[in-house]
Amino acid sequence: MESVTAPTTRGRAYELADEDLRILLLIRHFERTLLELFEQGELNGTTHTCLGQEYVPVALRPLLRPRDFVFSNHRGHGHYLARYEDPHGLLAEIMGREGAVCNGVGGSQHILRDRYLSTGVQGQSLPVATGVALGLKKTDPGALACVYIGDGTWGEGAVYEALNMAQLWNAPLLVVVEHNGIAQSTPTAAQMAGTIGGRARAFGVRHHRVATSDIGRIRDELAPLLRDVRDQCRPLVVEFLTNRVGPHSKGDDSRPPEVIRLAREQDWYRRYGEEFPERMAAFDAEARELVGRVAREVAARPPSVWEDR
Amino acid sequence: MRVAENLNLALHQAFESDPAVHLLGEDVADPYGGAFKITKGLSSRFPDRVLSTPLSEGGIAGVAAGLALAGHPAIVEIMFGDFAALAFDQIVNFAGKSVSMYGRRLALPLVVRCPSGAGRGYGPTHSQSLQKHFVGVPGLSLYEISPFHDNRVLLPRILGRAEPALLFEDKVLYTRQMFGDGIVDGVFSFDLMECGTARVFLDDPDTFDCVLIVPGGLAHRAVAAARTLMLEDEISCLVLVPARLYPFDVEPLLPALSRAAAICVAEDGTAGGTWGGEVAHQIHRRLWGRLRRPVTLVHAADTVIPTAVHLEEQVMVREGTITAALRETLSD
Amino acid sequence: MRVAENLNLALHQAFESDPAVHLLGEDVADPYGGAFKITKGLSSRFPDRVLSTPLSEGGIAGVAAGLALAGHPAIVEIMFGDFAALAFDQIVNFAGKSVSMYGRRLALPLVVRCPSGAGRGYGPTHSQSLQKHFVGVPGLSLYEISPFHDNRVLLPRILGRAEPALLFEDKVLYTRQMFGDGIVDGVFSFDLMECGTARVFLDDPDTFDCVLIVPGGLAHRAVAAARTLMLEDEISCLVLVPARLYPFDVEPLLPALSRAAAICVAEDGTAGGTWGGEVAHQIHRRLWGRLRRPVTLVHAADTVIPTAVHLEEQVMVREGTITAALRETLSD
Amino acid sequence: MESVTAPTTRGRAYELADEDLRILLLIRHFERTLLELFEQGELNGTTHTCLGQEYVPVALRPLLRPRDFVFSNHRGHGHYLARYEDPHGLLAEIMGREGAVCNGVGGSQHILRDRYLSTGVQGQSLPVATGVALGLKKTDPGALACVYIGDGTWGEGAVYEALNMAQLWNAPLLVVVEHNGIAQSTPTAAQMAGTIGGRARAFGVRHHRVATSDIGRIRDELAPLLRDVRDQCRPLVVEFLTNRVGPHSKGDDSRPPEVIRLAREQDWYRRYGEEFPERMAAFDAEARELVGRVAREVAARPPSVWEDR
């Protein structure tokens, strides 16, 4: 019921597809732009960027299908962009401008589009996703419900109520855990006794740990597991060991410098920059340019209108 | 027909008429059929659509919301309504919010059934009426069963709105008979107003001294109070029993209310931020200057519901609590 | 001194004066010091008594109740008051009940702090004012911080009652200054009534046209409305800001209220079963026949709190919402 | 982190002390009397008897100390009687008569006496007990908080939130699970994916399974474990595999006859009756007589008075 990737790349090397690099960088620049806009006082409220974790939804991209439901959380921009490549709609949502996915009502944390839904209350979405999975099983066999949560969210009782029911009733549920070692300011060890793997297994739920950020390898590993979620309606917890490179939200990073340095070191962005500097530079410039244009376009739009209350 | 049976039939019909309807709850499957037997027979007829769940009130509400989101209208039975407290987040902050917080209306056909109320000696954590805690959440409607409202009409109407709702069900009422054919007893008749509110009257719905407004769980006590007041005090009461508690529209009741010498809203549960307070406020605002006195609210005593019968009686709203309140009101 | 700082000092003093006091909450430890920095410095000074918790709002409330039960007064910080929904069972059905459901009074010194309110663009699930959902639970008191009430006085008083309480804290208020020395600004003064309610007045607390009652989070908006009404309409308002919302005792306010041409209760959050409704009901009953008009309630619009600033402003109670409501009331 | 008893008695035989037998039978007859009183319409509301499970609190009796907190649940008469041997106070509570432990307010499910407290909401007491344990650790070192729950209660998220915190913060918490294979009408397999042991371990919490009803053996096994709870503030889950011999509450037993028969077969009462018939008969008669007298005395009392509201 348990499997793990080797943390280092062994065996055949995976090529990073242009498409994937493009989306990775789209997300990266989207997030950076948000932090800049915040600093410039252009944005209100709060936002949680996924800097360092962009590869998780990018890796899952071809493994998920349009009829799958995706449940996202507070740190969801990458999840959304990997699914819809719609920086305009998302930025408009965050800035409250015309063309916003949810007319500016939901903002960064509350997005609904087709079969994609996020909420700002941690843990709440797991039982909901379980219900959706049970529904899909009847009306859309082969489709699954995927729900993203962080390591800290394993503090919520709702997680266990949901895992229990998902396993009892064979829900095609995929729980993607972005284990970045921290919840807001609290290191995982200070908020979690035991392990995520142990907790999944305790409910009879299959668990797989992904210790690499190599997108091709991740897909190879996950493809057969996701097949079982779909075909056998067998719930699955996939735990990504990942790194939060940025602050929790806007500049609130109280981690010791050493920890931040380590996170940065493991950042795919840095690694790719070293591995293939020229290709990176070209794609990076393109993404930066694109997001910059999006930001200017969206900023120039009139405020969003909310009619269908 | 007993109210429990009527509700059971309503559930069966909901399952028959829509093959997507699901029901979830603890011990709801046959042969047990739920702690109050309201779901009897359902799991035998529709085994795929009845989920007898673990003890996970919050989780169940969430799963049901998920089913609803995926197009399967879902009904939840919370074994004792008190435990809806465990599902407060899912009901108020997910289901209730999601219908509007994404910037457009979202369909979410979800009904959370809450067996409520005291009078059966179940004690402080199994006897509450938590209606008031759920009042005033945009997108979340509150209903209550009554002996006047056929649940075979009410339930499809609730589900048809495709919005999250709570359905409160008085546990003592389960054991009573439904009223039919406009007859309450030898003395009282009833009809349903166009707005859905039941009205119980003596001979003529337009002739009365006082108006008593109560949710369905208090219907028998209110009618008994009306009887006593008639016999002992020659005060005639019109008893109004709405099926939907929230949002509450006082408009169609104003003609009757404006003629009342006194208006009393009685409800189970303690005072403070109640449904009755909400009704009273609407009446005060709409009929200001035309009311002879303020609306009287009747509640349970300001404490927990004790277990022992003799203590429970001291605390609960009884027929006598209502008659006493109306007498006092009229003597002001 | 900023309100946040005052509250922080109050917590430090509570820890100094009673070595049994504990505090629990998510990310409350230094250097973070809580999402709103209210607990800054506490964990450094009292490392054994500050528990930075997992994300487990329900569990935290339960653990805190357990500490209280074992003689350790406990303060919980719910990061965003909205998540108190997850602790509803523990607060209402354990802490609230246990003080009386065992047949005698039980001490349970527990304070659940709820940063609340909109205006900071946090969106529908991080901006609510859930006060009304907790109103009317016997044994559970509700307080709200204000710029007039020194938390170094309020907090020990709450803890001293040794009963479960919720303390609502407006998030925007955190960033404002406390008022001191009876001075609000060049125009308005304030004092604290014996019952603890703050009153804001022009020259003389006994001379005014209207009364505005608001919880602390609305204090600035209410005072601003009073100022506007004075300057633009020559209407003078007395603003009343109670620290304890529930149980609410209207008695000491009656002399002032009975002289008002209009009374308005403004509160954040949507209409329906609200604290303001409770206050209004008490006023209507006590001053029936002496009021010129019904109490006006002011609420947020009947929907979720949207994220975008321009939308949030459409929904929230603003200064203008209050002035408009009072003008309309007086024109009736 | 895991240990189990052998289900059958091997090695040295344990003598059942008179004292233990006396209390076992006190509980047995108390519960039987309740069911009779219900049948006769003498009781109101509901009640959950611990028929078949009496040995659990009796085994724990000498292992718990007066300064320990005990948290009980809906099926708590045995827990109370094993701690206080006070059938008068408990029956008066259930019947609402003078001398009731909680003046008739709490009834069967809500009892408070000194450091004993029960609640009717499943799962609620685990976080509370964790808090109490943390408090005891400071003011009563060596004391623990013991909380009884059933297998079904593992459906509640509160259980996991509490286990996590108890383990993170080293709370002297003892969770006693009376795993009777059923929750109301639902067999454990229909409501629990995975196992109780797995779930405890997933939170790093020590777990011990007791598969015997031999009181002496249970005490031998548990004594060192409880010492660690007290001295090392190490949380412990003890899972008793036990049998519910009676209905869930009053006559609502929907289990197949075969299952009920099996439960009855394992009943200590039947076994002791076979093992030492004469001693059993004598003690049994005495307990029956005692409880009968208590019932008559209590029934003759005036209703309880509730003053300190």
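A, B, C and D are the chain letters, set down in written order, and residue numbers restart from 1 in every chain.
Here is the rule we go by: a contact is a pair of C-beta atoms (placed from the backbone, for glycine too) under 8 Å apart; a residue touches a chain by one contact, two chains touch by 3 or more.
As the structure is a prediction and not an experimental result, all values here were calculated from the model.
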Path length in steps (a step moves to a chain that is touched) from chain A to chain C: 1
Contacts common to chain B and chain C (chain labels): A, D
Chain whose Cα centroid lies at the greatest distance from that of chain C: D
Whole-Å separation of chain centres (CA-atom averages), chain C against chain D: 42
Centre distance in Å when chain B and chain D are each reduced to the mean of their C-alpha atoms: 37
Residue numbers of chain B (touch at least two other chains): 53-54, 56, 58-59, 82-83, 86, 89, 93, 100-101, 103, 123-125, 303-304, 306
Of all residues in chain D, the ones touching two or more other chains: 100, 103-106, 110, 119, 121, 155-158, 161, 164, 168, 190-192, 304, 306, 309
Category of the chain touch graph - line, ring, star, complete, other: complete
Partner chain D, residues of chain B touching it in the complex: 26-27, 29, 31-32, 35, 52-56, 58-59, 82-83, 86, 120-126, 303-304, 306-311, 314
Parts of chain A lying in touch with chain B, wherever the complex brings them together: 69, 100-106, 110-112, 117, 119, 121, 124, 126-136, 138-139, 145, 157-158, 161-162, 164-165, 168-169, 304, 306, 308-309
Footprint of chain D on chain C - complex, ascending: 48, 51, 53-54, 56, 58-72, 74, 89-90, 93-94, 98, 100-106
In the complex with chain A, residue positions of chain D that touch it: 155-161, 163-164, 167-168, 190-195, 198-199, 201-205
Touch list for chain D against partner chain B, complex: 44-46, 95-96, 100, 103-110, 119-123, 152-157, 183-186, 190-192, 252, 254, 303-304, 306, 309
